[in-house]
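Questions regarding the structure given below will be posed in turn.
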Amino acid sequence: MSEALLDVRDLRAGYRRSVVLQGVDLAVREGEVVALLGRNGVGKTTLVHSIMGLVRPSSGSIRFDGQELSGRTPDQIARRGLALVPQGRRIFSRLSVEENLKLAHRSRNGGHDLDSVYELLPRLHERRRHRGRQLSGGEQQMLAIGRALLANARLVLFDEPSEGLAPKAVDQIASVIAGLREQKLSALLVEQNLHVALKLADAVNVMTKGEIVYRATVDEFRSDPKAARAFLGVGQV
Amino acid sequence: MTFAAVGAALPGLLNEHLVSILNGLAVGMLLFTMAVGLSLIFGLMDVLNLAHGAIFLLGGYVAFQVIVGEGQSWLAGLAVAVGFGAVAGLALGGILRPIRHRGHLDQALLTLGLAFVLSDLATIFWGSDFQTIPSPVFLQRSVEVLGQFYPAYRLAVMGVGFALAVVVYLVVERTQVGAVLRAAVEDRAMVSALGINVGRVMLAVLALGTALASFGGVIGAPILSLSPGVDAEVLILALIVIVIGGLGSIPGALVGAIVIGQVQSLGTALVPQVAPFALFGAMVIVLAVRPEGIFGSR
Amino acid sequence: MDDAETTLTRREVLERAGVAAAIMSVPAVDRLTSAAGAATRPARALRIGQLLTLSGPLGSVGLDLQKGFVTYVRQNASRLGGRKIQFFVEDDAGDPRTALQKAERLVSEREVDVVTGVVLSNVAIALRDFFHSAKVPLIISNAAADELTRGESSPYIFRAAYTNYMIGASMGRWFYRNIAKNNVFTAAPNYSAGQEIVAGFITAFERAGGKIGGRVFPPFGTVSDYQPFLSQIQGERPSAVFAFFPGAEAIRFVRQYSEFGLKRTIPLHGAFITDPAPVLNAQGSAAQGIGSSAVWAAELQNQRNARFLATYERLYGKGEPSTFAATGHNAAQLLDVALRSIKGDTSNQARFLRALKNVGTFQTPSGIFTLDPKTQNPIRNFYLRQARFEDGKWQNKLLSLLGSFRDPGR
Amino acid sequence: MRALAPGRAARLVQLALVALLAMAPLLLGDFRLFLLTEILIFGLFAASLDLLVGYTGLLSLGHAAYLGVGSYATALIAIHLTDNVFAGIAAAVLSSGVVAAATGWLAVRTRGVYFLMLTLAFAQLLFTLAITWDSLTHGANGLPTPKPTLGPGDGGGALDGGTAFYYYALVAFLIGFGLLRAIVASPFGRTLVGIRENEARMRSLGYGVARYRLAVFCIAGAVAGFAGSLTVQHSNYMSPSGISFEVSTLALIAVIIGGRATLVGAVLGSAFVFIIRDELSSAFNEHWRLVLGVVFIGVVYLLPRGLSGLPARTGLLSRRIQTTAGGSA
Amino acid sequence: MIPGIERVSPTVLELSDVSKRYGDLLVLEAVSLSVDAGARHALIGPNGAGKSTLFHVITGTERVTRGRIVFGGKVITTLQEHRRTQLGLGRTFQQTSLFDGLSVIANVELAVQQRSGLAHRLFPSSRGRTRVNERARELLELVGLEPREAILAGALSHGERRQLDVAVSLATNPTLVLMDEPTAGMSRDEAMSFLSMIASLPASLTILMVEHDMDVVFELATWISVLDAGKLIADGTPEAIRGSREVQDAYLGEGEHIAKLFGPV
């Protein structure tokens, strides 16, 4: 296949003293959803933040559509076509739903606009005048997704979208993402909920201790006895 | 709200001290122009701009130079001063940039040093004598309010202050620009991940805040007179206003300004002996009861 | 002498050009004379310390005192009592503790023979014990605290200006005769100068037969807005108001008195409320017609005043001197007259002090001037001046002589 | 756990400095000696502020309040009771400590900007009180006080003349400064640094943080009061301007310029401020503030550790710095 | 509790019926749990299970909404954090929380002096100081940081910081140490050496840790409690937990059948 849309090579990054990413390689091709699994604290969010420019990598490269992103600021990266659905949603709690959405909006021909997002996520339309802090967790997650859609990005980074949600809300979010996948959305999906990840992704990467230690298609993963152990970080793979 | 409560509790008070109340509003509105910028800058950047008073003073001097020195119109003076304030804000942004990563106390210290330098530069250019900008000719009269005379200029200041409060409120609460601002106060990194250049937003807010301070210096000059020392005086008042109202809150700045205006005016009228203490007393009480200020959130 | 020159030259850096030029020229003259008379080894130059408030809101007062002093010196070939002189100028920034430091410097490092100046009362009070125990004469050219002429007097402290009592008292009889007899209100900031000036006024006003209606004392230094006090005055409907406010407070009070409509119905007059020129300019039309007392006026028709005005103009350009320049001039003249009586010989300090104390009566630009040997404080004329717009600018114009006044002492 | 275990060389330097200070009257003229006395007293005041700003991380803009309380206490005792220096000092330390306890009770509960504003507010309140309470403080005119005496009764052993007072002030300074040194080197001082570095962790280690903050606030206040007492005894005068905003600001500037959390830096900074003010005020008229402001900005920018951090920066004396860093840290 | 396994040691910490609610969100639901003296007790569970909250109510950072916490025979349910520490409840932090501007030994001394009652002393005896210093050295030796004692804590590596964190916690003389994800962010080597350090700690010390790394858990733990969605779903020896179906479901989601989850390590 052609060159990947997102191509991360030997990426190292960290905070102050601790090196969190110790040489990560990862690729997402156009129209593909790639899941990134791993327990807490292995560096998944750091990886997402490095791609988005929120953490400055110490070495390695992040190429997006052939261009180097490493060293650019988050706003520059966002304008090149990446969007983030962050861990913990990070909704602007004092802004209304609609203001949250408008803030993220970058128009593109044939892309999403406010109406199409409301159509896709009708709950947001109902609550468009409510402030961010008045939403339930599931609604906030939808808003975070809506924000990413309105950015009309070419690649969306989902950071644990099911985290901290009630089972019903997890199902809803999962079906929204599944719907987007049908529309050929390219995405990197960080998850701890294996069930959700396996349902939504084309390929799976497992990360432990700042490295990707396992990579496979979803089908391979399901049938591989080492897979679950890799996922749980039990024993060396 | 304060207004209504006072009026209801003491029916006679309103008539007897109407002028004091009115005047408290005028003083409050003048303080608001100063405090709102200070508060916005703190809310967004975590920088307590102790040079805000110096910019107030310099803004007044710049307008004085244009209006009295060059004989230009009041409006021209105002425009030049506001422009000057905005440029000063941009410069301040540039100066603060290298120490952004240090704590906000270091940044406060830097602005304290700037305040020293700026106010001294002002005395080099304009001396230490009092300089006053006469109020615009059409406002140089008194208006009768319930049998007492009241300076038209102060009514105008009050009106402009209110208008400014409304405009600032609307811009921040109702426009896209304002939404960016509110969002950035809450989560700067996320705003930038949405593709918005937060650095530019912060510069804009700095420029707006200092332009407002400069504006305050111009409209305050006919009332206060400009001289060294006015900068510290006004800065301390504005700090009290935003601490009472809650750092970073626009409604807080408005309410704080009105409260302090009334303490200074109505308070002096009612209990002149206590008034000098009331200002700081009010702040100590607010901080003791509600440490984050009336509208503050921590 | 080099020392003097460097001191003064350095000052020149940021000094308003006129003064600097004038001061600098003093040692220049000295240099000429000392070169010529090197053989005769004249007595060393008289070292004069000037302790003035030169920065801050009252900086212009200090500067005016200095200009007046220099004007006198220049009128007399840069000599006092026949002696060459050397100036050492220190700025107290209006702060008593700074003043003490500067006084220490003048006395112990510069070894001055006499100190003049002092703008603020609290500075003068702080300095009193210092000069008393340092045994160096101090000629105060402005600070007017009563106590330095009364309970806290010192044989080393002389005054060339006035006491607060005199400032207030000068307006009493005139007010009774020309403005109002009953229900007169006083307004002054609540600190000692305010209280003392008001007390002086009330003493003289009541002695003339008047009755006071009430007193308003807004807090000192913390009020930027007099509206509550003005409303109070308005509510009491007095027949007239006597007021004293210093500097910025005078600007605000007079302007607001007019803006809040009091001026239409209640006449306002006072002491020092439309002085000096920057204050009057800032007050503008709000000051129109206000009468206040002063120890000097430009229009005074006497030979000495004419010379004073001419020299002043030559040194500092166009622009009328302030009354502070006049008291600065008085201080220099007081010193000169005393020195002349002992032929400029200050080697015997007791004699020098006696000469100062018994300097007696002499003519000054402000009219006849006598130093009361009992109080070491002047007996002098006060004049009534009125704020008017004339010749395209705001001015205090001489109206009449209020009389000659003295402080009763203890 | 000797907090500061400076090498023998550093101790020699200290001894030499003290010796130099002791010989100052022989080396300096009257005015310089006067100035040095002022610097020592103000330096002690600034060092007490450093206890808050540098060691505990509390930025106070109103420290002059406690200096002022001490000054007024001493002035009033001297005027109404006795001019004995020890009575004056006792009254100053006690009263400023008490006022610091009362105001600190509220202040230590706040952080950052709020702490800054509260301390400023207390100082302005006391300033206003000093101006208004005419019957006690003589208002803005201030209180001239009699010369202090060392002996038991009034008039016994008057501290007359610059040299006598200088030695008295030097001893007082060394006692006060030594006390501060002992405090920062003590477990208590270590506790303060711990609070500055990581308040949450201190709590989890079982420290009641508020109590320690209050304690240091009181100590800093009492030492400031001590310096206030010396101030009055030196100038024989006290007025509200001694509590002014500018006094607090200058002390803060001295601490920052000299270097936070060094104590010696506070004294050095005071010397720097005084020299700029007194030497430049003749040369630049009132514009010494401009010079001080520029220097201050430069220090904040380039020398976060102040002038006393300069040797480490330039590589000079780097060995000494290392040993002290290792020992003190 | 798994039948057949007897608990013989006395209980150090006992939670009865502890619930915590944030607004509408019930984060902990009637959790009852006891920790035995000398245990190496691990608390595991998927993300969002409420482990951190449980931790916080034990340390006192948060208050319980309902329930009772008994530590060392004393009810500490409403006690302030620092008071709990004084009773012998130590902790390490998920984000290592140290005094970066102080040397390694000074970090430990700060903790030691609190326990020895020296903290508020202005003029301690030199014997007192020496005792504090000696005790701090002992602790550094215990965690293997002794050679680094003069370094600023801010200059340590990540793994070393964790070691120091443990030493600081031990300095408060705890009977129980709570460790919040002690190996998070460590490389594998660091984690393993950290593990052996923990293993070498005196057996009298009780440890309760939240940990994700199953290697660490099964290597170290003598007892495991599993939390899911705010409820305690399993509690037992490592062997018992390995076989638990509920635990498997909690981790993988119901109906995900993937090979065997916990094989022999």
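Read from first to last, the chains carry the letters A, B, C, D and E; within each, the first residue is number 1.
To be clear about the criterion, a residue touches a chain if its C-beta (ideal position, glycine included) is under 8 Å from a C-beta of that chain, and two chains touch if they have at least 3 such contacts.
Quick caveat, the model's predicted, so the values are computed rather than measured.
**Q** Touching both chain B and chain C: give me those chains, sorted by label.
**A** Touches both chain B and chain C: D.
**Q** Taking each chain's centre as the mean of its CA atoms, which one is most distant from chain B?
**A** Greatest centre separation from chain B goes to chain E.
**Q** Among the chains, which is located farthest from chain D on the basis of C-alpha centroids?
**A** A
**Q** Indicate the whole-number Å distance between the mean C-alpha point of chain A and the mean C-alpha point of chain B.
**A** Once rounded, the distance between the two centres reads 44 Å.
**Q** Rounded to a whole Å, what is the gap between the Cα centroids of chain A and chain C?
**A** Between these chains, centre-to-centre, one finds 78 Å.
**Q** Distance between chain B and chain E based on Cα centroids, please, to the nearest Å.
**A** For chain B versus chain E, the centre distance works out to 51 Å.
**Q** How many Å are there between the centre of chain A and the centre of chain D, using C-alpha atoms for each centre?
**A** Their C-alpha centroids are separated by 55 Å.
**Q** Return the residues of chain D touching two or more other chains; collapse runs of consecutive numbers into ranges.
**A** In chain D, residues 128, 131-132, 286-287 touch at least two other chains, as defined above.
**Q** Of all the residues in chain B, which ones touch at least 2 other chains?
**A** Residues 123-124, 128, 276.
**Q** Can you name every chain pair that touches?
**A** Per the contact definition above, the touching pairs are A-B, A-E, B-C, B-D, C-D, D-E.
**Q** Any idea which chain C residues touch chain D in the complex?
**A** Interface residues on chain C, with respect to chain D: 7, 10-11, 13-15, 54-56, 59, 90-91, 93, 95-97, 100-101, 104-105, 108-109, 121-122, 125-126, 128-130, 133, 145, 152, 190-192, 219-222.
**Q** Give the list of chain A residues in touch with chain B in this complex.
**A** 52-54, 73-75, 77-79, 83-84, 86, 90, 92-95, 99-100, 102-104, 106, 147, 151
**Q** Can you list the chain B residues touching chain A in their complex?
**A** Touching chain A from chain B are residues 176, 179-180, 182-183, 186-187, 189-198.
**Q** Inside the complex, what are the residues of chain B that reach chain C?
**A** Within the complex, chain B touches chain C at residues 17, 19-20, 23, 27, 123-124, 127-132, 134, 140, 142, 144, 148-151, 153-154, 223-225, 227-229, 233, 264-266, 268-269, 272, 275-276.
**Q** What does chain C use to touch chain B in their complex?
**A** Listed in rising order, the residues are 14, 55-57, 59-60, 218-219, 222-225, 227-229, 231-232, 234, 247-248, 251-252, 256, 259-262, 264, 278-279, 281-282, 284-285.
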